[in-house]
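A short worksheet on the structure shown next.
In order of appearance the chains are A, B, C and D, and numbering begins at 1 in each one.
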Amino acid sequence: MSATATRLLDNYVAGAWTPAAASDALDVTNPATGEVLARVPLSGASDLDAAVRAARAALPVWRAVSVIERARRLFALREGLVARQEDLARCVTAEMGKTIGDARAEVGRMIEMVEAACAVPTTMQGRILEDVARNVDCETIRQPVGVCAAIVPFNFPAMVPFWFLPFAIGCGNTFILKPSEQVPLTQQIAFEVLDGLDLPAGVVNLVNGGREIVEGILDHPGIDAVSFVGSAPVAKIVYERAAQAGKRVQALGGAKNHIVVMPDAVIDKTVGGIVGSAFGAAGQRCMAGSVVVTVGEAHDRLMPALVQATEALAVGDGSDEATEVGPVVSCQARDRIAAWIDRGVADGATPVVDGRGVGGDGIHPEGAFVGPTILDDVLPGMDIAQEEVFGPVLVVVRAESLDEATAIVNASRFGNGTSIFTESGAAVRRFRHDVEAGMVGVNIGVAAPVAFFPFSGWKDSFLGDLHAHGGDAVEFFTRKKTVTSRWFSDGQGHGTYFVET
Amino acid sequence: MSATATRLLDNYVAGAWTPAAASDALDVTNPATGEVLARVPLSGASDLDAAVRAARAALPVWRAVSVIERARRLFALREGLVARQEDLARCVTAEMGKTIGDARAEVGRMIEMVEAACAVPTTMQGRILEDVARNVDCETIRQPVGVCAAIVPFNFPAMVPFWFLPFAIGCGNTFILKPSEQVPLTQQIAFEVLDGLDLPAGVVNLVNGGREIVEGILDHPGIDAVSFVGSAPVAKIVYERAAQAGKRVQALGGAKNHIVVMPDAVIDKTVGGIVGSAFGAAGQRCMAGSVVVTVGEAHDRLMPALVQATEALAVGDGSDEATEVGPVVSCQARDRIAAWIDRGVADGATPVVDGRGVGGDGIHPEGAFVGPTILDDVLPGMDIAQEEVFGPVLVVVRAESLDEATAIVNASRFGNGTSIFTESGAAVRRFRHDVEAGMVGVNIGVAAPVAFFPFSGWKDSFLGDLHAHGGDAVEFFTRKKTVTSRWFSDGQGHGTYFVET
Amino acid sequence: MSATATRLLDNYVAGAWTPAAASDALDVTNPATGEVLARVPLSGASDLDAAVRAARAALPVWRAVSVIERARRLFALREGLVARQEDLARCVTAEMGKTIGDARAEVGRMIEMVEAACAVPTTMQGRILEDVARNVDCETIRQPVGVCAAIVPFNFPAMVPFWFLPFAIGCGNTFILKPSEQVPLTQQIAFEVLDGLDLPAGVVNLVNGGREIVEGILDHPGIDAVSFVGSAPVAKIVYERAAQAGKRVQALGGAKNHIVVMPDAVIDKTVGGIVGSAFGAAGQRCMAGSVVVTVGEAHDRLMPALVQATEALAVGDGSDEATEVGPVVSCQARDRIAAWIDRGVADGATPVVDGRGVGGDGIHPEGAFVGPTILDDVLPGMDIAQEEVFGPVLVVVRAESLDEATAIVNASRFGNGTSIFTESGAAVRRFRHDVEAGMVGVNIGVAAPVAFFPFSGWKDSFLGDLHAHGGDAVEFFTRKKTVTSRWFSDGQGHGTYFVET
Amino acid sequence: MSATATRLLDNYVAGAWTPAAASDALDVTNPATGEVLARVPLSGASDLDAAVRAARAALPVWRAVSVIERARRLFALREGLVARQEDLARCVTAEMGKTIGDARAEVGRMIEMVEAACAVPTTMQGRILEDVARNVDCETIRQPVGVCAAIVPFNFPAMVPFWFLPFAIGCGNTFILKPSEQVPLTQQIAFEVLDGLDLPAGVVNLVNGGREIVEGILDHPGIDAVSFVGSAPVAKIVYERAAQAGKRVQALGGAKNHIVVMPDAVIDKTVGGIVGSAFGAAGQRCMAGSVVVTVGEAHDRLMPALVQATEALAVGDGSDEATEVGPVVSCQARDRIAAWIDRGVADGATPVVDGRGVGGDGIHPEGAFVGPTILDDVLPGMDIAQEEVFGPVLVVVRAESLDEATAIVNASRFGNGTSIFTESGAAVRRFRHDVEAGMVGVNIGVAAPVAFFPFSGWKDSFLGDLHAHGGDAVEFFTRKKTVTSRWFSDGQGHGTYFVET
C-alpha cells in the first residue's frame, strides 16, 4: 500500500489529480489496527460541479472515438489493472479489512468486469429491419446516455465501482465516481491506471466525499444517470430523488440472504459453502448468506459440522495470509453488530457460536473485530431474521418442507440472493421457479453472477429495472434511437430529384 | 358505435363487468357534435383495490399457464380484434374525433401490437452458459414482474393501451388499465374481446376514472410496475411518485416535434408528409410534427405548396369519409389551442393559414373545431416554438444549415420524434447521429416505430430507461433471475450421495 | 378424409392445382386396412421445373411484400389450419396409421411452427452499429435466400413440412415442397389452406413424386437451399449432392435414441415416458426411444412395470379412439421390422414382449401391424442396438454407472435425441454436459423441442450447421448482407457536394 | 524478419515445434526481390494425422477449461500479438509483397479478430425458457464442434487464419491451420505467440504443406469442421468434398467486385477509394475492386482524375515506406496477370493506364511486378469483366442508370463485395436492397466488415450458410444442444422419491 498515513487524497477531475476545494476531511483507517492510512476530503458542490462540467465537455470528444477504439482502451485498462493486481488487493485489505484472499478474488472479479465490457462493439449493436412497410426500413441504434455517475459502498472498494465504470465509458458515456469515504484508497490506484490510458480529459472523474456529494449527484442537472449500491433505506431515497430530478436510475439496496439446506445436501461441502458465504468479508457482502433455513432433518445433519467449522475459523488481520475472517469495517460497525447479537439472544435465539468479545493473538486491540456468530433456534419473525446486520452473524431457522422454506425466503422484504443446497433436481427447479430473489445459487454460497450476466436483486434489494453488468449494463448505459426511413427519389442517377452538379 | 348515450360504463374487474362503487360520473361526448355518448364513472379507491386484489390473485394462476399457451391467447385476442376492427375504429372517431381513416390506421397499429406480443415464446427467452467456472453453469431466466398498470391518454383510445397490455400479459403479468376518462368507450370494446378469451379471472382489469385512480395506481403497494403516457408535467409526477413507492416505471410525456426540411427535399411529397404529421388527428399526437425547420432555400421552395395544401384540407366530422381534419378532443382544448395561436401571433408570428373560428358546412356548432394553422416567421425562442400546443398548429422556423437546424431541435427540452426531409444520405447520417430524439423519421412525417421496435422519446419526453413495445416491452415486463449452479455428487447412480430408495 | 380412393392427386404450382405431366402414379393406402385412398403422381422434371420457374418468378413479388404483411399471411395460415385441425389429424391417421391422438398432437405441433414463424418481424432483424470507425457505420441486414425446397418423410405428414415452409416464406423466400409419396394427402389439405391465403402465385408449390423429384431438387440450378428429413443414408447423399450443386443444405437423418434410466427414476412415470416414446407412432419417429439403458439396479426396478405396461397396449386402427398403437406405414415396413426382431433374437436378445404376428380384434388382416416389442439382454454391440429399426421395437441394455451409460450413447454413430430419467440434478448436469446428441430429454420420453427452439441431432443424425425451426430457421432461410458506410459531403444543405436544384 | 533464408520451417503439433516427416519442401521467396526466405515442408498424411490426434486428445482438456478462462487466453493472445505487431507486419511484406502500410493494417485487423473473439463468454450464451409447457422448461446450450481446421490463402498471411482460430478455440474447439505454402512465415510468428500462452498441448496446431494436406483435411474423419478461403474453383471442391465426408463446412471463394460510381459522387475522394481498393495489395484481395461501373456522366467526371492518380502511384518493394504498390505474390502470378491484360486489350478494351513491363528505380529485376492498370471501354460480357484476375487490373464499364449498373453487378456469378460512391440516400437504399453481394460499401472502396460483423460473399463467392467472424463465427464453431426437462417428484425434502441417506 503506497499511501502514507497523512496523505490527503486528491480528486481526479478533467484528466488531472486535483485537490478538493473543501477543507474538511476524514481519516481513512485500517480496521484491523486502527492505523490512519490517509485523509479523504469531503468535497463540496464546486468540486462536483467541476467534475460534471469536465464530463459534459468530454462527451462529444469521447463519443467521436470509435466504439472499437473505446473498447481498445478497455483492453488497456485491463492490462493496467492486471499489472497492479496485488497492489489493489493489498489496498482493499488495508482499508476495508477483508482477508487478502478475499481481496484478491475481488480484484479478479473487478478485472472480469472490464473483460465483459470489452465486448462493447458486439453488445452495443442495435437492430435493423428492411421493408417494415413497402420501401420503408426501421432501425434502432444505441447511443450514450450522457454523464453517468455511480455512488458505491465500502464493502467492495475495487469491484463495485467497476460494475459501472467500464460499461459506461465503453458505451461512450463519461463518468463520475464517488467512492465510499470509508475506503477511498483502492480507487486511487484504479484511477492511476485510468490516468495512464490517454483518455480524453473528463471521461472519468473521481470525487471523494460524503453525503453532500451523494445529494449533489442526485440533484445536479448535468448528470443523466445514477447507479447506486448501498443500504436499502438509502437506495430508496436515491431512487426517489434521482427520479424527481428526471434521471435514469438503478439502485441496489440491502439484503437478507437465505440459504436453504435440504436433507440430502452434501454436508461437508454445504458447510464450506455456508461458512464462506456467511463469514467471508466478515459478512459484509450484499450477497452474504445470513439466514440458514434447514428443511426437516437437515438441521440435525448440518449443525454439528457447521458449528465446528465456524469455531475453527482464524480471526485476525486480513493481511495475514492465514487469516480466515478479518475485522469489520469500523468500530462503530463492530458495536452495531454486537448489539444485534445481543438483541437476537434477547429475543430467544441460542448463540451456538458467539463472536462477541473475540480476542487473542492476532486481534489488535484497536481493531474492529467481531467473531463469527451463529444463532440457532431463530424464528422467522424475529428482527434478527428480518433485518440486515451486515456482519458475521448467521441465524438458523427451521422449516418442514421446501415450500415452507421458500415461503420464509419470500416473506422477506428483500430479494437479493438466495441459495439452495441439495442434489435434487426437482427441488432446484421448484426453488428456482418460485423463489423471489434476483440471484439464486445452487450448491453455491455466494451466488453473485459472473460479469457476463446481470447482477441484481428484487423487491427492496433493488429499485429500477435494469440490473448491473451483463447485458443489462449496455441497456442502462445507452439510449435507444429508432429511425424509420424511406426515400422519394428513385436514385437512378438522373431525373428530377437526383443531384445536378 | 353500440353505446347508448346515457349508458353508465362498467369497470371490468376479476373477469366480470362490474359497476364502479362511486356515484360520480362524467359525460363522454362526441367532440364533433357535442353529443353525449355515455357516462364514465369516477371510480374510487375501493374499485382500484378490488382490481389489484383480483390481479394479485390471478398471478400464480396465470403464470402457471405455459408461455406458449399464453401466446395462443394473444393469437385469439388478435382474431377478436380483427373481427371488431371497424367497430373499434368507429368508436375511436366518435369519442375522440379523429377521422375514420386515422382511426382505422390506429386500430391497425393496435392489432400490430398484439402481433408483436405473440412472439413472446421467442422474445422472453433468457440466456444460459455452461462452464463459467469449472463445472459451474450460469443462466438468466425472465419471470413476470407482477401486477402491472397503465395510465393512458385520450389521443389514441385504441392503440396506446395496447402498447402495454398484450406484452404485459404475454410475459405472465396481470394487468390493470385506466383509460382516459375522455375516451373510455373504445376499451370497452377491447375488453369485450378480452372477456371472450377465457383468461383466468383477474388477468386483465379495466378501471375507469380520473385523478384518484391515477394516484391510486402510483401509490398502491399491490401494483409493481406502472406505464404512463400523457403530458410532460404529469409524466414527471408519475415518475417521481411511482419511484417513491419503489415501483418500476416508464413515463412517456409530451413533445414538440421538429421536421427539418433540407433544400433538396422532394417538395410535393414533403408537403404530404408535413400535412399528415401536423394536422392528422388534429395535431393531437405525441408524434405530431409541430415545428418545421427549413434549411436555407427550403423555405421558399416549401411554403407556397405547404400553405396551399393546408388550405385545401377538409375540416369536419371525422365520421364523414371525406373529412381530412376532425375536431379536437373537447371545447376546452379548442379554446386552449386558439389562445396559443393568439399568443404566437402576438409574439410576432405570421399566421399564413389561420384555423381560428373555422366554420361552414360540416362544422357542427357544438363541435370542438380548430382549423389547420400555420404560423410562419417564428423564432426558435418564442413560446409557441417551445411549448406543446397539442392541436393543429404548425410553426415554421428558419435555419441556415443542418447543424443550425439540429441545434434548434436539440435546444428543445423535449426529444420525442423528429423528421428530416432530404435525399442526401450525408444529411441523414449526420442528423441521425446528432439529433437528440428517441424517434427519427427520414422522409416520414410521423416516425412512430412499428410494434417490433421500441417507441419512446428522450429528455423531457420520457422518464425511465425501457421504452414501449419492441424488445423493450419484454424487458420492462419481466424480472431477471440469474442462477449459478453446481453439484457436489458425481451423479453416477451409486455412491454416498446418490439416491437410495 | 375427403379424398376418394381413386382420386389422382394434383400438384400445386404457380398458385393453382395442376396435374402432373407424368402418367405414372402410386397408390396411397391406409396402412390399417390396406384401403387405397388415392393415387399420387410420380411427377417428372418438367413438373419440378415449372414449380421452380413459378417460385423464381414470385421472388421479387413476394419480397416486395413487407415483412409485417408476410407475417400477417402466417397469422392467416394459422387460422386456416386451426379451422381444419381435425381434418388434418384424420388424414394423418388415414394415410400414415398413427393413432388419432398422436395425429392431433402432430397437427398441434404443426400449428405451433406457424406460431413461431409469425415472429419473423422480430427474428429477422439484423444488427447495426454506429461509428465502428470515425463516421463509419456498419450493419448486417438479412435478405431471403431465394427458392427453397424441402424433401420430407412419411412419419409426420403434417408437421415436418412445416418445420420449413412457414419460416421460409416468412423470410421472403419462395418454396417447393416434395411430400412423401407414401403420405401425400395431408399436405393437400395444408395447401388448400395456403391456396386460400391470397399469396402471390408461386410463393408455395407442391410437387408430388419420388426419387426423380428428389434428385431434381438437389440438382436444379434454380433452387438455392434444400432442407431434407429422412434416413441417414439418404441424408448423406442429399448433403453431398446439394453441396456439389453449391446449395445451402441441412439434412436431418436417422437416429437410434437412448433412454437412460437411473436407479432413482420415478418408475411409474418413467414407464409412461418410455412407452410413449418407444411405441407412439409405432416407433416411427426420429425421436422415438429405441434403446433403454438401465443403470445399476434400475433394471430390476423398471422391467416388470415396463413389460406389464407394454403388454397392456391396445393395438389397432389408429382412427379408433381407444387404440394406443396403430399400424406401421406399410406391409413392407412391417416385414422389415419383423425381420429385425428375428435378427435380434438370433443374436441373443430375449423377447420379453413380442409383437410379431400380432392379431385379434381390431387388427385388419390387410393392415401393416407389428405389436410393441421389447428385447432384453441386449449387448451394446449387437446390430439391433446400433441400427435404426423404425418400428415399435425397444431394446434394453445394462450399464453400471452414468458414465458407462453415456459412453454407450456416445458410441452410436447417431446423435439425435436422448433422454435421462432421474431425480438427481447432478446426474442430469453431467449427462447434459457430456452426451453427444442434439436433443436431450430430462424425464421426458420424446425430447423434441418446441417450435421456438432449434430441432436437430448431431453426428450421422444431421449434416449441416443450422438446425430446423427455432432461431436457426431464420438463419437458414436468410442471407446476411453487411454494409459499411460513410459519406463525404457534410450534408449541411449548401456547399460543393450538396444538391443543387 | 527473423527467418534465415535456408531455414526449413517446422510444424507446430501437440504443443511443440515439430519437423514434418516429409522430405519435400518448397522455397518461400520475397516477391519483391526473388530472395529465398525459407523453405516450407510439404507435410504428408502422417503429419496431419499427428495434428488431428493431438487436437482430438486436447478436446476434453480444453473444454474443461471454463469459457471465461478460455477468453483470458485470448486476451493474452492479443497482448502477445500486439507486442510483435511490427514483426508480423514486416514478415507479411517480406513473404507476400504488400506494402508495409498495408501489412500493418492487416495485422491490425488480425488483432481485431482476437478482440472480437474475446467476447465469447457473452456471444456463446444459449437460450433458456421456463414453462414451455406446464412445469416443462427448454434450453439450448452451445458446445464446441470438435476439431476444426482452416485452409487459408496467400493474400492475407496474418489476418485470414485469424478469422477462424481465435473464435474456434474461444468456443472450446481445437484447431489445425494449414497456411498457404507461399506465405508460411507469418503464422510461424503467430504460433510463437500461441506457444507462449500455456494452452494445453494440441489446442492449436500448424501443418505446413500443399494439396496433400488440403485433401487430408477434407477427408480425415477426425476433423469435424472445415473453413476455407481461396479461389472459387477450389472452394467448390472443398465444399463438395467436405460435405461428402459429412463435415460442417464454410468455403469462401473468389470475387469480381464492382464499384458503382454515381454522377454525384465526390470525385477526389472516390478516386482515393477506388485506387486503394483496386491497387492496394496489388489487387490481390478478395475484396479488391476490379470493375468500376460508371453511371451516366460519372464516367467523364471520374476518369481523368482516376487515371492521373493511378499513374502517380509509386511501385516498388513494399518494405520501402514510400511504396504505394508492391509486387504480386510470384512471377507466375505476374505473368498470368499480364496475359489477362493482353486478353482484355485483344477483346477491345482500351489500356488507359498500362502496368505491363513496369520498371525503373525500386523495381528489382527478380521482382514479380505488375504496375497498376486501367482498361476502359470494357463491355460487361468480356472475360476481363467477368473473371477474377487477382492483380492490379481495373476495368471500367458504363451504365446509364443505377438499375442498369446493379444489373451488371448481379449478372456476375460472384457476389462478394461491391461498393457504391454517391451522396444520394435513395441510390444507396436501392443499391443496398437490390444488389446481390454479401458485403456492400457506401463510399468505401474495400467493404470488408470489421471483426464484429460477419464477412462473406454470396453466390459463387461463398458456399455454406454461416459467414466468417462476427456472430456467425460462434454459430459455426458451436453445436446446439436443446434440452427439454421436467421433474416427477415434488422436491419437498420428504416423500417417496426424495433422497434417503
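The rule is short, and it goes like this: a contact is a pair of C-beta atoms (placed from the backbone, for glycine too) under 8 Å apart; a residue touches a chain by one contact, two chains touch by 3 or more.
Fair warning: this is a prediction, and the values are worked out from it, not measured in the lab.
Both subunit A and subunit D are touched by B, C. With C-D and B-C as the two chain pairs, more C-beta contacts join C-D. Once the centre of each chain is set as its mean CA position, subunit A and subunit C turn out to be 48 Å apart. Subunit C and subunit D have Cα centroids separated by 36 Å.
Subunit B and subunit C have Cα centroids lying 42 Å from one another.
Listed for subunit C are residues 68, 121, 125, 127, 129-133, 136, 139-141, 264, 422-428, 442, 450, 452, 471, 485, 487-489, 497-499, 501, each touching two or more other chains. Within the complex, the subunit A residues that touch subunit D are 68, 71-72, 75, 78-79, 112, 115-116, 118-119, 121-123, 125, 130-131, 135, 137, 262-264, 295-296, 298, 400-403, 422-431, 433, 450, 452, 471, 485, 487-494, 497-499, 501. Contacts from subunit D toward subunit C in the complex involve residues 127, 129, 132-133, 136, 138-141, 236, 239-240, 242-244, 246, 248-249, 264, 266, 269-270, 423, 428, 432, 437-444, 447-450, 452-456, 458, 460, 463-467, 470-472, 475-476, 479-489, 491, 497-499.
For subunit D in complex with subunit B, the residues that touch the partner chain are 63-68, 121, 124-134, 136, 139-141, 143, 422-426, 428, 442, 496-497, 499-501.
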